[in-house]
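Below you'll find the structures, each written out as structure tokens.
There are two complexes below, and they share subunit A, which is joined by subunit B in the first and by subunit C in the second.
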Partner chain A sequence: MEFVGQLLVNGSVIGVTYVVFALGLTLIFGILGLINFAHGEFYMLGAYGSFVLQQQFGLGYITSAITTIIFVLLLAFIIEKYTISPLIDTDHLNSLLATFAISIIILNIIVIAYGNTPRQIETPFTGVLAIGDVYITYQRLILIVVGVVIILLLNLFIKRSKLGKLMRAVSQNRMGAMVTGIPIKRIYTATFVLGIGLATISGILIGPITYATPTMGSSAILKGFVVVILGGLGSIPGAIIGGFLLGFGETVASVILGNSWKDVVSYLILIIVLLIKPEGIFGYKRRAQ
Partner chain B sequence: MKDRILIFIAVVVLILLPLLFSNPYYINILTQFAIFAVFALSLNFIVGYIGEISFGHAAYFGLGAYFTALISQNFGTSYWISLIIAIMLTGLIGMFVGFLTLRLQGVYFAIITLAFAEIFRLIISNLPSITRGAMGLSVPSPNIPFTNVTFGDPLMTYYFVFGLMLLVILFIKYVLETPFGKGVIAIREGHLLASSIGVNVVKYKVITFTISTMIAALSGGLYGAFIGILTPDLLSVHYTTEALLMVVVGGIGYLLGPLYGAFIFTVIPEFLWMSPEVQLLVFGIILLLAVLFMPRGIAYILEQLKHKLENVRQPKAKLESNSEEMEG
Partner chain C sequence: MRKIFMILLTMMFILGACSQGSSGDNGNNGSSESNDGGGDTVKIGVVAPLTGPAALYGEQVEAGAKLAAKLINEEGGILGGKQIELVIEDDQSKPEVGLSKYKELIEVKNVDAITGGVNSSVSMATKDIAKDRILNIVTISKAPEIMADRDNYRFRLNSTNDMDGESFHKFISETLQPKTVAVIVENTDYGQAEIEALRRNWSSENDPEIVGVEFFELEDTDYTNPLTKLKSLNADALYVVGAAIEINSAVFSQAHQLGFNDTMKILSPGNINMEVVKLAGEGGEGVISADLYQNSIDNEMNKMFVEKFEQEYGYLPEKMELLGFESIWLTAKAMDQAGSANDYDKIAEILSSNNWESPRGEVVFENGQAQGEVLPLVIKNGEIVPYEQ
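Right after this comes the complex of A and B.
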């Protein structure tokens, strides 16, 4: 029984991280119609931001987290304004390639500045909570709690707030939204910044657990794709269900097949879903934009 | 006619260029250029003529290299016979993947090709008993076909690879001029219209994709013999990135575009003495600037320059030259 409990804990940690990460990816796709290939690099920046601010400026985990988020949001704003926005109405390959270029640029800046060595991130939440024979470190507990709060807040924001409603309007019908006078470019900017913020937060949360490495973003983006395709590109509930499915599925698969084959299984699932039901298990058919 | 003279001059320059260098290092850079040019040419066949971005093209480059090495080492066939078999095998896999994936478009196609590539990469890295996995599979230098010169002799290797590159260009040019090739271009310009005049869109796309993976396998087999050691990294996004950079910066959909790109990304950095990371950073910046400010690449700019020069000399030819745009 404690074995199953431990699997549940591990699965939730991975699942929550995937969900928060993938929510940003799916939000940006749903509203801008753009697959953000640089999404993983902002996740990586979340972890590296914490590391740099801790090591070089002596900040604590929480202050460095807040500073990192502010910095990355500013960066996302600038990137959207000068690279995504001018390309968004041209051939869709252009914006795709632009985010791809941004991912190469960010990745290599980090490699040049800090090398390939894994960097440890300090956390004040040390210690382990034992529930019976199931163990969970406080950082993992914090990750799950903060992650779930963010997921709930985001849902509330999308459903209730004015900006959230505008976003949904643009996502459902871009032309219609434009006709009713919604400042569509500003919605794009807001969505992109919000989506990047989610990637950064997931990186900050996972950093102390996995260490920061320059390539952590490249593996995260692949998992992000699996999650959003599984749940349906652009669908928020889909990303939540998809993230937990992949998190638990991977945990089980790594027990049965070992770590080196578990990724093969997730990519196979991705391919099968794309071939059989490209709108995702929980998605609906999107209108061509 | 003038085009032919220009191409002839370019070929002669590329043949004579290595003779200027006494240092084999520089000749090897030219060889690397020719190999990557073939790889980029193959990707351009998908990006430029099917009009979709494959984020997993390195898989076929890497499979070509691995199949060639494994066949020649396990069955004792010569490296070049093995390369031909490897090209066929990779083509079969490419056909299978293409058949499954080419119904999807845009981001879906980009993601599914990436997923396939990652699966192939993981299989190779998870089967160390066959492929030696991350430890790397060493490839003994074969002889250049019909000679006693080993692949590795700088000058002869360059000429051999350069000759193959010219053959690939001629082959692609030929394919594009057949009714099949015209059909492919028609699909790129508008797939609904193409299917309405009787072009079987999916079939044409699958054939194009298959040919492209076979050319990629050829470049992979050459690269394997050139570097002498294979790692699963050959199938990773990293190599796809390099080819994509070459295609986009060189000029998507132009026959010779990938050559300009390959030249810029293999030859120039070697003379600038940059570390690989700085190189990639600069490449990323170039790609971003290219997408923002010259999305049609160097080939387009060269074409415009040529038209300008022609128009200065004979202003009346303007109408004619404009109608020739976009092909080639």
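Right after this comes the complex of A and C.
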């Protein structure tokens, strides 16, 4: 087991990716009560945005990242305003189907515009850091650092800021929040945009490591759902614990049992947690709304 | 809540299904360029997918075929001045469409031979209608069953995975001579078959020893865990079995980042192309693989082929273009020697008994299957070149 250090690094990279992706998913579920099927496609847009801006406008990694985030946030704002918001108070099924439609539309626009060829995203962080037997590329290091900073900032934001407090209020009791005069619709918009922002950032961070492909979102969202259900639907600490649990669980399984067992183990963890605590690690029983 | 999860699950499956089939459907230049010249032309049908998921391969085959017809016609045609006329049909990668196109070509358009066949499923569906009736040159389709219960008129140009494996694995064992090999392989029928082939072909004591095998799923994007485990085995070579461009590139670039630098890197045969080279970057440098054709092969015919191809289309040909070219070229040459465009017994006899010059080297048929070893290749300075010790 001389490669424990390397596994720690690998597990952290996978864990942080899962956490940042799942945080957006759980935030949107917790506050809007919406399962966002298009989450993976916004993650894919993060990677494609960087690719297009780099290739066609010659921007660098960081400037293209910032431009992509601004663009996708704007897109998320418009989508929320004109599709989610009008539907959110109707049957749950409507908004669910809307996000499903959005995911298909985005996926196919990308396929039509850029084809199915995998695309490379350039990054200035190309070097490899070797500490003894442990290797980590700077891009992965950046992913871990940025990911951890985002996780900490998000926690601070939810706990301390006014908007964060309003969000929590809406999440805990929608009717009560409405009665006290909290502008629920605006909180919804802000949450959706914030959640999508997290998906976009994880796409931008992972893009240079895995290439951008149109279907990268559909595989990411599967694991995203597992993390969110594992941690407890709508729970932020749940997504964090769930993401790292899954990341390290897969890593350990892959090494001890063989790589083909890693998905078996991650779903096994999910089943065990759900058997013991059906609402997820940090979940709580929701009142019917 | 339960209801929502049921819906969620259902949708995930639909989502999966949708994302599988999304491919471009460009190019619709099917149909014929017919001028119904009757006795003055030799008509050869080309059935290939020009729309649908395999459209890119179909277009590549078509480009090669058209070039062959053009070159032959420029030199005055065959059989004392008859021009080659291609009747190009789109099978859309669908067996039933391929079958109806074959029927139409044989019974209505009266072609003298049919080439093409990119998808194995289409070639399986069409082999019986052509049986004992017409020369049927299967160009790309790889499934072994296509050559089963063969009539004398069915030939195949592409090699099968087993053929590729046999000669490439022998080359690794005899020329590269790694003592130990760690394998990372996709968890699919293809991956399993390739692992079995490796174990079969390396069964003697002098062959390399497989010290570790790790599988990955096609949805995976991070291969650092299996690679870390394989790295700890300190094998002489890392053998990657994968068919997808982005997977092969990512595995090699992640192996490079994990410090696999002194390890010999090998990619399963038939999967190397310029896209992999571009995407893998530094990680692809030094990767050894094999294929039955590479456009820098040094022979007169290949130089001519590559030059004319680039002139015509503005890019360099790869395997698919070569096989499309060969399908028309060999058919025409054999007809010419037989002195007839539809005496199939004679044409088949000539195809089987001769050694044919082709851009890839010499082509020989055994029971209709083109023989030949795969060519070892290596990525060097961002180019794919023949391997030299």
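Following the convention adopted for this analysis, the second predicted complex is superposed on the first by the 267 of 289 C-alpha atoms of A that agree within 3 Å, B and C clash if a C-alpha of one lies under 4 Å from a C-alpha of the other, contacts with A are read in each partner's own complex, and residues count from 1 in each chain.
We adopt the following convention: a residue touches a chain if its C-beta (ideal position, glycine included) is under 8 Å from a C-beta of that chain, and two chains touch if they have at least 3 such contacts.
Predicted, not measured: the structure shown is a model, and the values here were computed from it.
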{"item": "Partner chain in contact with A:63 - subunit B first, subunit C second, else both or neither", "value": "neither"}
{"item": "Partner chain in contact with A:7 - subunit B first, subunit C second, else both or neither", "value": "second"}
{"item": "Touched partner set for A:85, first subunit B, second subunit C, both or neither", "value": "neither"}
{"item": "Contacts of A:173 with subunit B and subunit C, given as first, second, both or neither", "value": "neither"}
{"item": "Partner chain(s) touched by A:55 [first = subunit B, second = subunit C, both, neither]", "value": "neither"}
{"item": "Per-residue contact with subunit A, leading partner among subunit C and subunit B", "value": "C"}
{"item": "First (subunit B), second (subunit C), both or neither touched by A:35", "value": "both"}
{"item": "Partner chain in contact with A:267 - subunit B first, subunit C second, else both or neither", "value": "first"}
{"item": "Which superposed partner A:225 touches (first subunit B, second subunit C, both, neither)", "value": "both"}
{"item": "First, second, both or neither for A:93, with subunit B first and subunit C second", "value": "both"}
{"item": "Set intersection of subunit A contacts, subunit C complex versus subunit B complex", "value": "35, 92-93, 96, 100, 103-104, 107-108, 111-112, 218, 222, 225, 260, 263"}
{"item": "Complex contacts: residues of subunit C adjacent to subunit A", "value": "1, 4, 7-8, 11-12, 15-16, 18-19, 22-24, 187, 214-217, 219, 221-222, 224-226, 228-229, 231-232, 245-246, 249-250, 254, 257-259, 275, 278-279, 281"}
{"item": "Interface residues, subunit A side, partner subunit B - complex", "value": "29, 35, 83, 86-87, 90-94, 96-98, 100-105, 107-109, 111-112, 218, 222, 225-226, 229, 233, 260-261, 263-264, 267-268, 270-271, 274-275, 278"}
{"item": "Subunit A residues within the subunit C interface of the complex", "value": "2-3, 6-7, 10, 13-14, 17, 35, 37, 92-93, 96, 100, 103-104, 107-108, 111-112, 115-118, 120, 128, 130, 135, 137, 206, 209-211, 213-216, 218-219, 221-222, 225, 250-251, 254-255, 258-260, 262-263, 286"}
{"item": "Sites on subunit B touched by subunit A in the complex", "value": "47, 53, 100, 104, 106-108, 110-112, 114-116, 118-119, 122-123, 125-126, 237, 241, 244, 248, 275, 277-278, 280-281, 283-285, 287-288, 291-292, 295"}
